[in-house]
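Below, each structure is written out as structure tokens.
Two complexes, one shared chain (chain A), two partners (chain B, chain C).
For the complex of A and B:
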């Protein structure tokens, strides 16, 4: 029988998606369904004095008094109200909810509701903010000694802006009330996060709350925590109306109100030997959390752990803090803190390369983490540590060294970045999650029961491949149950590049246990004789994995995936527009379960990373996104797509399913610094992204007015 | 108002300014056409009117009166449409799937032998956030090649 793992089997959700048969949340209706809308604050900070509602009886109106349980969206900290009571911390703060049977009746509802407010002075600067969500310190060796033994100290400051996930399907849910119960259908990544939030807010027993994921049109982190808020809103209205309520954001509301990638300020101070060896790394990381804690603490955690990049250094000090500001809360986005900090270190490494006169490849070769080296948290890397192999392959494939010489002094440049990304929850996170996966024997094979969601990345297909091979049955014999909390166990959230490596491994164990119980029988034979049975497995850390939350030291992740990007680009000398010409992305991800889908993750993440580097600018004006439209928040279009050369390398991770690691997030860590390093090669000293034509023009003007010799671009 | 949708004549009673997107989804029950932005920027709602790809979120019903509309549900009936649908599954052009119906219809007017540039231009009005586009280009190329082989 042909193995499924490593083959490009036909994806399970493919045919329904290409024929238009797949049902997304907005494609569903329920009898008696109403439509919901949110009335939000229009000031960034203040207090609510009064609410004036001029609506007829056919509208259902709800505010915080309609919440039966405690008024917060349960996630990490209980700080974010589901509906504001007195205080406003950002301009999109939800205050009232309105529902009507005719969705067109809601069009001008905002004009018929007045919220009287008293304004307070907002703060948008995370550096001067007095409210801190989380501080993290990482210390390794003795930082002072590291600087004492250095020949040079080079410092630098690097900044990144907000980034919008921009899934093409906006956030949406339908809440269906029952007798002392609530069911919510929705476009979401984490059914059990939504379940937890609803149980708290509605004050219902867990078994009375059911969350069902509908086909989801992209997530990228943007449907990790926000759907909990939206589900709570729809449920409050549905409970009051005693009718199903559908809430679908239009694009403008989705852009204005939902989470974005955390802006960051990262400062490096690095001690170096004359020969290029790094002796000390002192890193300060500031993340702008926005108005509420959401996931800022864990975003910061992943950010600081990746802040030294894939480099060896005995003396490290990292200080990180996530600060409150009066913009809508920032949250999860693919990469989760690591794109920000690895942008900083990779841009910094090329500045060091310039200053020391050591070429960027050699400088990275000297310092790259190798098997047996320890990371900033003191984690000793296994044989699968692949910084050098990915670097060498990318340099060779892209003809980096030759082009670097050839293009010098032209308006074309070439730059690279080296990066890594931990798979799974950070530190003790997976132990705390204690995720479960189940496998049920069916008449023809087996059915997968997990809460992991298919959001385009191929979850259902990839899990079925793992189970098919571990059970020894054909791929088509495996079914996948929809992510419905009434049927599937809590497999943890679909985030953190954990769906394959962590949940896939649980399923592999289920399948092997099932195989044992079947003995010599096929699933069909066993089913006919004895009927169905279900196998469940729960996460256990691989032997030897150690982590301390107190000292922030130990094995931060089970394994890391490794990547190297090379970007060749051209700058228009008149308009300062940047056109990527060629992009090379080499990724070491362990065994790829479905190579084509893995390449899909790399290509897609790389394109998002190039958007992050060049065009995707969230313009915040008075705490509000001023360009909340697809017309002027610019993601890459088909015409912007640069040719990509993708290289996939496999150094199996022994505790991953069939040797697999995570792949989803890593590809977005590298493109931005590779772009910025290519711009540096063209003569543009840019240290913040996005590198819009305006920023390049002012960098050009700055360089020239400083009197330094520069070619005319 | 009368229009032909996927070969069938439909009589729709709706405001002439109702978005064609809503007419198709609500009045005709064809939910394969998706809304992504509502302002004609993302192309998720692409349908063909008399063979031309348009954003149905910015086309009023009145504009479609008496004309032939093809949606993703109707694309299955044509050889090119079917080849594109299969190629998007086989070559990874569809990930989350929300842009896929629009992509397939935008590609449907391409002729066998179209260059990579022709493909990019045909799809220029359609956004995808999952694939970064290379897999979509591969899907379209493969479908066009199969079209030529026939």
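For the complex of A and C:
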């Protein structure tokens, strides 16, 4: 039988999506359904003095007093109210909810509700903020000694801005009330996160709350935690109205109110030997969390763990803090803190390269982590540590060294970045999650029961491939149940590049257990003889995996994927516009279960990373996103994303399904520093992103006024 | 906040004559055609108008022709029609280039040249081209027709000499004697609103126009005069700085626009002869 793993089998969700048969949340209606809207704060910080509502009886109105349980969105810290009571901590904070049977009746509802507020002075600077969500320290060796033995110390400061996930389908849910029960359908990544938030907020027993993921048009982390807030809102209205309530954000509301990538300030101080060896790395990481904690603690955690990049160093000190500011809360976004800190280290490495006169490839070769080396947290790397192989492959494919020489002094530049990305939850996270996956025998094969969601990345297909091969049946014999908490076990959230490596592995184990029980029978034969049965497996850490939350030391991740990007670009001397000419992306991901989808992840993440580097700027004015429209928040079109050469390398991870590691997030870690390093190669000293033409022009003016040798436009 | 659709009204005249009578009787009606900006304005709640007159079906306002060496483009001619017109390709390639960069194919199929002029946005993609091409705007009301030079058409930000009872019926352009040059600097390579645009003609005529650098499209007459008189690029750039007044907005900065306008002027002068 043809193996499914490693082949480009037909997507499970493909036909329905291509033909338009797939139902997204806004395609669904329920009898008696109403539509909900949110009244939000119009100031960034203040107190609420009074609410004036001039609406007729046909409107259902709800505020914090309509919440039966505690008024917070349950996630990590119970700090974020579902509906504001007295205090406003950010623009667009939800205060009141309104529902009506006619959706047009809601259009001008904002004009008939007045929230009287008293403004307080907001703070938008994470460095001066007095409120800290989380501090993390990582120490390895003796930092002072590391600097003592160095010949040079090079420091630098690097900054990244907000980034919007910009899934195609905006956030939306429908809440359907029952008798002491609530069902929520929605566009979301993590059904059990939403489930937990509803159980707490509605004060209902877990079995009385059901969450069903509908076909979801993209997430990128933007539907990790935010849908819990929206689901709570719809449920509050539905409970009060005793009717189903649909809430769908339009693009403007989605951009104004929902989470973005954390802006960061990262400072490096690095000790080096004359020959290029790094002796000390001192890193300070500041993340701007926005107004509430959401996932800032864990974003910071992944950020600091990746802050030294894929480099060996015996003496490391990392200090990280996630700070509160008066902007809408920042949250999960593909990469989850690692794109910010790896931007900093990779831009820093090229500045070191310039200062030491060691070319960027050699400098990285000298310092790259190898099998047997330890990371900043002291994790000893296995044989699959692939920093050098991906670097060498990318350099060769892109003809980096030749082009670096040839392009010098022209409008074209070429730059590279080397990076890694831990798969799965950080530290002891997977143990705490204790995820489960189940497999049910059917008349024709087996059905997958997991809470992992298909959000366009190929979950259903990839899981079915793993199960098909482990069970020894054709790919088409595997069905996938929709992610519905009434039927599927809690497999954890669909985040952190864990859906393949962690949940896929659980399914592989289920399939092997099922195979054993079937003996020599096919699933059909067994089913006919004995009927159905279900196999469940639960996460167990690979033997020897150690982690301490107290010292932040140990095995931060089960495994890492490795990547190297090379970007060749051109700067227009008239307009300072940057055109990427070619992008080479080499990724070592253990094993590509579905090569075409894996390459799709790499291409998509790379394009998103180019947007992060060059054009995607959230313009904040008085705590409010001033460019909350697709016209003015500039993601790349196909014309803006360069032709890509993608290389997929496989160094199997022994505890991943068929050797697979995570692939979803890593591709967005590398493009921004590769772009900035290419810009440095053509004479632009840029240390913050996005590197818009306006910023490049300023950098150019700075360089010129400093009297350094630069080309003139 | 989006406009409530139940608050909107629409008149749909069957002919130009009927449309002009409706406007004469009720000048508060807002003419619409492709609606590519109207829908955006309604969705974002930035459009205050609620009563509209739909010109889309008025065939009299479509078509491209040349009469006694004057190129006449009907107000309702779409960007797609302009892009496909061999006449425009030959006589006014910079208008074709500008039309190609308006939105995507769907917008090019709906958006019209007259609409771009009437909408009066300083970032209107075709407006610098019309200024550089020395266009004239043909206006008509129920009593008759008048023609206005394009460089005196606008009186301020989103304001023009068009009277409420008048419709733009056509845009006319004399034969262009010289090399045409056009460039749009957008926020990305497609589907972008311009940060700055320049259109110019160099030959017996020298006309240089900029978009997105002032409340209206700007004909840079002083910069052109310097160049025509044999002055240096630097002097022309200095003159240009006195003619434009770019501002900061969510798309760019005044400083960038000022600098790039000067750079574009130099690029144009280097690339043409």
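In the analysis below, the second predicted complex is superposed on the first by the 712 of 713 C-alpha atoms of A that agree within 3 Å, B and C clash if a C-alpha of one lies under 4 Å from a C-alpha of the other, contacts with A are read in each partner's own complex, and residues count from 1 in each chain.
Methods note: a contact is a pair of C-beta atoms (placed from the backbone, for glycine too) under 8 Å apart; a residue touches a chain by one contact, two chains touch by 3 or more.
Every value quoted in this text rests on a predicted model; they were computed, and no experiment measured them.
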| item | value |
| --- | --- |
| Partner chain(s) touched by A:575 [first = chain B, second = chain C, both, neither] | second |
| Touched partner set for A:697, first chain B, second chain C, both or neither | second |
| Per-residue contact with chain A, leading partner among chain C and chain B | B |
| Which of chain B and chain C A:629 touches, first, second, both or neither | both |
| First (chain B), second (chain C), both or neither touched by A:27 | first |
| Partner chain(s) touched by A:639 [first = chain B, second = chain C, both, neither] | both |
| First, second, both or neither for A:608, with chain B first and chain C second | first |
| Partner chain in contact with A:101 - chain B first, chain C second, else both or neither | neither |
| Touched partner set for A:110, first chain B, second chain C, both or neither | second |
| Chain B versus chain C as contact partner of A:297, first or second or both or neither | neither |
| Intersection of chain A interface sets (partners chain B, chain C) | 250, 629, 631, 636-637, 639 |
| Touching residues on chain A, where the partner in the complex is chain C | 104, 107-108, 110-111, 250, 252, 573-577, 579, 615, 619, 626-627, 629, 631-632, 634, 636-637, 639-640, 693-694, 697, 713 |
| Chain C residues touching chain A - in the complex, by the definition given at the top | 1-6, 40, 43-44, 185, 187-193, 250-253, 255-256, 259-260, 263-264, 266-267 |
| In the complex with chain B, residue positions of chain A that touch it | 10-11, 13-24, 26-27, 165-170, 215-220, 250-251, 455-458, 596-597, 599-600, 603-608, 629-631, 635-639, 641, 643-644 |
| Chain B residues within the chain A interface of the complex | 25, 30-39, 41-42, 44, 71-73, 76, 84-86, 88-92, 94-101, 104, 119-121, 123-124, 126-137 |
